[in-house]
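Next up: some structures, all given as structure tokens.
Same chain, two partners: subunit A is paired with subunit B first, then with subunit C.
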Partner chain A sequence: MTPFTTDRRNFLAGVGAVGAGALLSGCVTQTSSNSPTSQSSSGPVTLQSNLSSPQAKTALETLIAAYNKKGGSRAQLNTVASETFRTQLPTYLTSANPPDAYTWYPGSVAEAYAKQGLLLDLSDLWQGPDLSRYSAAMRDLCTSPSTGKKDFVPTDYYWWGFFYRKSNFAKWGVQEPTTWNEFLALCQTLKTKNVAPIGIGAGSGTAWVASAWFDYLNIRVNGATYHRELLAGKHSFNDPQVHKVFDYWGQALPFFDPNGTALAFQDATTSLLEGRTAMMLIGTFFADAAPKDALGDLDFFRFPVIDPKVPMAEEAPADGFFASSRTAHAAGVKDLLAYFATAEAQELYIKNSSGTVLPTHPDAKDNGTPLVVKGRKLIASAAQVTQFFNRDSSDALQPTADTALVHFLSKPKEVNSILTTWQRDAQQIWSK
Partner chain B sequence: MAATQAPTRTVGAPTGTRPPADGNARAVRARRARTAGFHLTAGLLSLLWLLPIALVLVTSTRSFDDIAAHGMGSWPRSFTLANFGQAWNEGGQGHAMVNSLIVTVPTVLLSLLLASMAAFGLSRYDLPLRRTLLLVMLSGNLLPPQILLIPVSKLSEVIGIYDQLDALIGVQVGFGVGFYVFVLHGFMRAIPAEIQEAAVIDGAGPWQIYSRIILPLARPALAALSALSFTWIFNDLLWAITVLRTDSKMPITASLIGLQGQYVSLWNVIAAGSVIAAAPTVAVFLRFQRHFVAGLNLGAVK
Partner chain C sequence: MAVLTMPRRRPGATRVPPLVLAFVLVPLLVEAAWVFWPALQGFYLAFTSWDGLAAPRSVGFGNFTTMVHDPVFRTALGNTVLWLLLFGGLSAALGLGAALLLQQERRGIGFYRAALFLPVVFSLVATALVWQGMYQPDGLINQVLRAVGLGGWQHAWLADQSTAFYAVIVPALWREIGYVMVLYLAGLKGIDPQLYEAARVDGASRWQQFRHVTLPQLSSVNAVVLSVIVIDSLRSFDVVWALTRGGPYHSSELLSTYMYSTAFQSLRLGYGSALAVVIFVLAFGVIATYLVRAFKEAS
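Now for the complex of A and B:
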């Protein structure tokens, strides 16, 4: 290659042409999408939602449309994929111009943001006609332990239990158990009928469902208070109490579906529906993965009693909304959240969503199917309500549980080293 | 760009040499067995490779109740095209497709324009620090983009283009140009100097040389690069979710993961959505197939 000599004038002309070209094309693209930003203080309230599955998205869209029709302040829904939402939420909340309101979970996961002063104080909203009548458990759940302020509006919740097909239980001639021994006897009977008694879908990215087993065994053996303290880092996963939890789990382990750690929970649901497994400890959201004609055949029973002296707590994770403290229209946000807290709004949402969720408002009607009525009664009779492993601790602690529990499911004999490792990993997260 | 024809059909058989006329029967048989073995293995391998695609296509035409009742791997018992409509309308893919094209087309044009200018300057003129500049561009490409996610998101907020498609175009141009310059530089360097000298003698300035001589000569490289960059930018998800947050502005890749529910995913709708999202890149690939293959050995032979 030989270098070319070029005189100054030509070179400058070339540079000018390059610059003009870049500018021109820059202009074209600049004007193509110059929509006004929705976060100006006069615009509508923006609601950032992670309800991205088509049905839940439509249900929330209908709700927002009803709110906008009511007149007064307006809201604009913005749905992002739930996984994107999970990773981007800290960015949203710390950005200079954040969305106003968000779908999220109450309790520990909201507390992480409350501590940083990122959440709008909603205490005055809780004095209102609707929220003031919510249960004490809900009120405590939405009160930040560090600031003492209420920063969350719960709108619905669901419950966990052992789900099974009524027709299959009738075919095998078995009954719902209530105690741990009855439960083990049931598993024994089912095993003789060549069914995998307990299904679990802890593989392919849904390892977190195994945490339900840990949660429930822990609140049945050691109680909900100990469970919460453990997840908050006040006890060690190496405690004898935790070892006891795994002793009980070990008794049930021979009855687990051997494919359980290879399947995602949605495929495990198919196994349950086809009768390859008999029952599954799962949240009601799994019903969305069942065909419509199987819904009427589903029933559940409560996680069996292990120690009658321990008060019966249940897992019932609540969903709802919180708002950014940097919002430019706090009044509008509060008006929107107050609307979500009404019985009318919750009934409208439940009517359009999959229908297995329960309203948080004491007067709001659920969708009335026998399954839902039974579930609501279960939670109403519970001595205490826990959320779920990640919601009672943090999203950061969940992976440590996933690793430990999946390891336990495949190699139960190594429980000592598993718990030591778990404690070490958890300690790193707590000490952050 | 001529050395891009498909390789010989049979492995091991020397091209251009025929077996002797009297014919060694055993050698012929052995060669036939080798050919058959090759086709059988290659056929099976390609079948294995096509299996996931076939699974997606079949799943996209099944009803959800069918999948929920019998599992993804079962033989299909239903046929419906409603999933495509659901992904396009309720899933928001129609809108997202427009966004994707709004981002992809200007980005490809702009980045290739800038890259070809830079490559022209760097390859045809003895500019100071030429080699350093090229190395900086190359090393920028070796940097994992993940470590730049937060700086890019904060920077776009400071500039005031966060959550606008412009931001995505800017980021994509910025990250693409380095590699395109490198490839085009390699290509333009191979254009004989005499052509340019002749143009200089005829009184052409650098702009004329660039636009009327080098650019037309670099067309194969530009075609290959535009096909490649179209696929890269169209398929990008990372930058889109980094600089955008409004669902009405999200490109098709982001809307595709949006089809996944929090707990339960409608696999039939997701499969239909994937087919829709793959359509433009497949179309571009089929149209520029020749250049795609050519693009793989760009700059390989100096």
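Now for the complex of A and C:
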């Protein structure tokens, strides 16, 4: 497929629409206008998507095509580069004439918009034949704590873990560890095999993957409840509990790939696949960048137990859709989102995407590879599920973590000043 | 203004045709809607606290007092000044050097000029991506160092706090030098060869010719080069953002990247606008002082 599917007429219409939108909204800071007056309630539902990687984009396009073939209301997909999407989302949602539905994440990132009354109430959808059968954890995740309404439709999720190549582990004669001490012993053994035990790709614009280490250590040492409270600003990054997290991290630090903060996670994936690093704590999305023949050789183990008294929570970020409360197509939007919630739609999406995501519908089949089956079992057995640093806090807090954690990776001795600075930076976000 | 000094004609003839008026007014309107109005809003937002969702809340000079105590702001300001001096100074010096070297008409000189000018044609983001590849731990630069036996000098150039800033300056310079060179080449072409002849007859050395003929004759070009350099340094953003995003831990942070990350990543749009105001005042201040001086000298 060519990357540019827009013809000239569409482009000009788009330019016109952008221009008219800018003139109509007039003032960027004006957020008071509520009635969607300029938009007729006929016409297709617009779906604004940030799934711009080729596989995911094609998968969603196929899904929309299937929906439109069904007859009834129609939808139009508008894919935007993910970074643009992220920075523009507040503008979309507060504009007088917003797109109808959006790809996004449930939990506290959606809550920021729910609190402002910007999200369409989907509570009635959740009583429908599909969503009513979703897990209680998913239902809670999609319920706004401030309004009590359900405003999100999750469609798939993925998991994080230590990924490695089975053939390499066999070659080095090592086993998956289950406890922290076993993990450190494994690293020690791997080091003697002339391989960097722990890969990480926290450089070149993907510093956020380092947050997985912080999340998991904090969940294992202090528990998921403390973790969520910390990210919500109820504790300080200067707490002794957080220092303890970094004490544990410090034990593993000598085994990290020294190039870890210079590589993007895609390049770190290459290092892992080529056997220059032995394992990497990463989400399944990294497999998008892996060649197909390597996929069958991949396996993972869950983040080792540190304190057996702490319930085992896992990171399993869910993806899905929400809609603008200012939409003129409420019925059409709900019809589209109800379709996304069906097992049929989720299976179709998974078939066309990289296939390492799991469906949220209890009846929907995943792609059935041993890796995915193992992943689904991991999350099903988890005592609690966390989303990820930014999704459990806010996108605004993520850069403070990136700075602090990359700093720690290269200057672990400065941990005291790093945590003080982190708390100061975070305070500015929380008090915003 | 030129219109006022023109000889007076019949009163009817000075009426501006509607088409011309449209040519002036339409761009003015567009400029007003997309440049002046947002700029004014930026000034307004600088005195508010705003997350992009709720209505902005006025905080008076709060953002500016925060700035005074903000260590990242101080780092970014220091880096911006250093950037201005290094990037500005080196691109002017090296651009002039390249122009002097390549001013003689010889066979094949066009190739060298084109080669030096070529980076200017590339998008700076594309340039940055190429350099990012070279700076990788297994990239070209480290491979060459290893090959010539300087393996000990190998670095994670962009990930090391002590080298990131300079590693980012190099691609920016690589591009700017070609641009400045072209400006100086044009200036050098405009110098009357008789001046050099006269200087030679008077027994002036090469250095004296450069010092007393070339440099004074280039003063008008210098004005252009200076404003170009100042503006380009203060708006340097793309190359830094593409290579390091101001990191690692703010070591290559400039005011422009700090403004962007504060406004659009941390969504502290009020504080981000306040930073933008500071950048504006700095750029405007430097250029206005220079222009005032230049106009004084001219008149």
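Methods note: the second predicted complex is superposed on the first by the 393 of 432 C-alpha atoms of A that agree within 3 Å, B and C clash if a C-alpha of one lies under 4 Å from a C-alpha of the other, contacts with A are read in each partner's own complex, and residues count from 1 in each chain.
Everything that follows uses one rule, which is that contacts are C-beta pairs under 8 Å (C-beta built on N, C-alpha and C of every residue); 3 or more make two chains touch, one makes a residue touch a chain.
Bear in mind the structure is a predicted one, so any value in this text is a computation, not a measurement.
K.L.:
Any idea whether subunit B or subunit C touches more of subunit A?
P.N.:
B
K.L.:
A:Ile429 contacts which: subunit B (first), subunit C (second), both, neither?
P.N.:
The second partner, subunit C, only.
K.L.:
Is A:Thr91 touching the first partner subunit B, the second partner subunit C, both, or neither of them?
P.N.:
both
K.L.:
Looking at the overlay, what does A:Gln127 touch: subunit B (first), subunit C (second), both, or neither?
P.N.:
neither
K.L.:
Quick one: classify A:Thr192 as touching subunit B (first), subunit C (second), both or neither.
P.N.:
After superposing on A, A:Thr192 lies clear of both subunit B and subunit C.
K.L.:
If you stack the two complexes on chain A, which partner ends up touching A:Gln48: first (subunit B), second (subunit C), both, or neither?
P.N.:
First partner only.
K.L.:
With both complexes overlaid on chain A, does A:His407 touch subunit B (first), subunit C (second), both or neither?
P.N.:
second
K.L.:
In the superposed arrangement, does A:Ala396 touch subunit B (first), subunit C (second), both or neither?
P.N.:
second
K.L.:
Can A:Gly205 be said to touch subunit B (first), subunit C (second), both, or neither?
P.N.:
A:Gly205 sits against subunit C, while subunit B stays out of touch.
K.L.:
Kindly classify A:Ala112 by the partners it touches after superposition: subunit B alone (first), subunit C alone (second), both, or neither?
P.N.:
After superposition on chain A, A:Ala112 lies in contact with subunit C alone.
K.L.:
Please write out, lowest number first, the residues of subunit A touched by both subunit B and subunit C across the two complexes.
P.N.:
Shared contact residues on subunit A (touching subunit B in one complex, subunit C in the other): 22, 28-29, 32, 87, 91, 267.
K.L.:
Please name which positions on subunit B make contact with subunit A in the complex.
P.N.:
Against subunit A, subunit B makes touches at 64-66, 68-72, 86, 90-91, 102, 106, 109-110, 113-114, 117, 123-126, 150, 153, 157, 162-166, 169, 189, 193, 196-197, 200, 205-207, 210, 241, 245-250, 254, 257-266, 269.
K.L.:
In the complex, go through subunit A and note every residue touching subunit B.
P.N.:
Listed in rising order, the residues are 1-4, 6, 10-11, 13-14, 17-18, 21-22, 25-26, 28-30, 32-35, 37-38, 48, 50-54, 56-58, 78-84, 87-88, 91-92, 95-97, 99, 265-267, 269-271, 273-274, 283, 285-286, 288-294.
K.L.:
Under the touch definition given earlier, write down the residues of subunit A that touch subunit C in their complex.
P.N.:
These residues of subunit A touch subunit C: 22-23, 27-29, 31-32, 87, 90-91, 93-94, 112-113, 116, 118, 203-205, 207, 258-259, 261-263, 267, 395-396, 398-400, 402-404, 406-407, 410-411, 421, 428-429, 432.
K.L.:
Which stretch or stretches of subunit C touch subunit A in the complex?
P.N.:
The touching residues are 33-34, 38, 41, 44-45, 49-56, 66, 71, 132, 136-137, 156-161, 245, 247-250, 261, 264-268.
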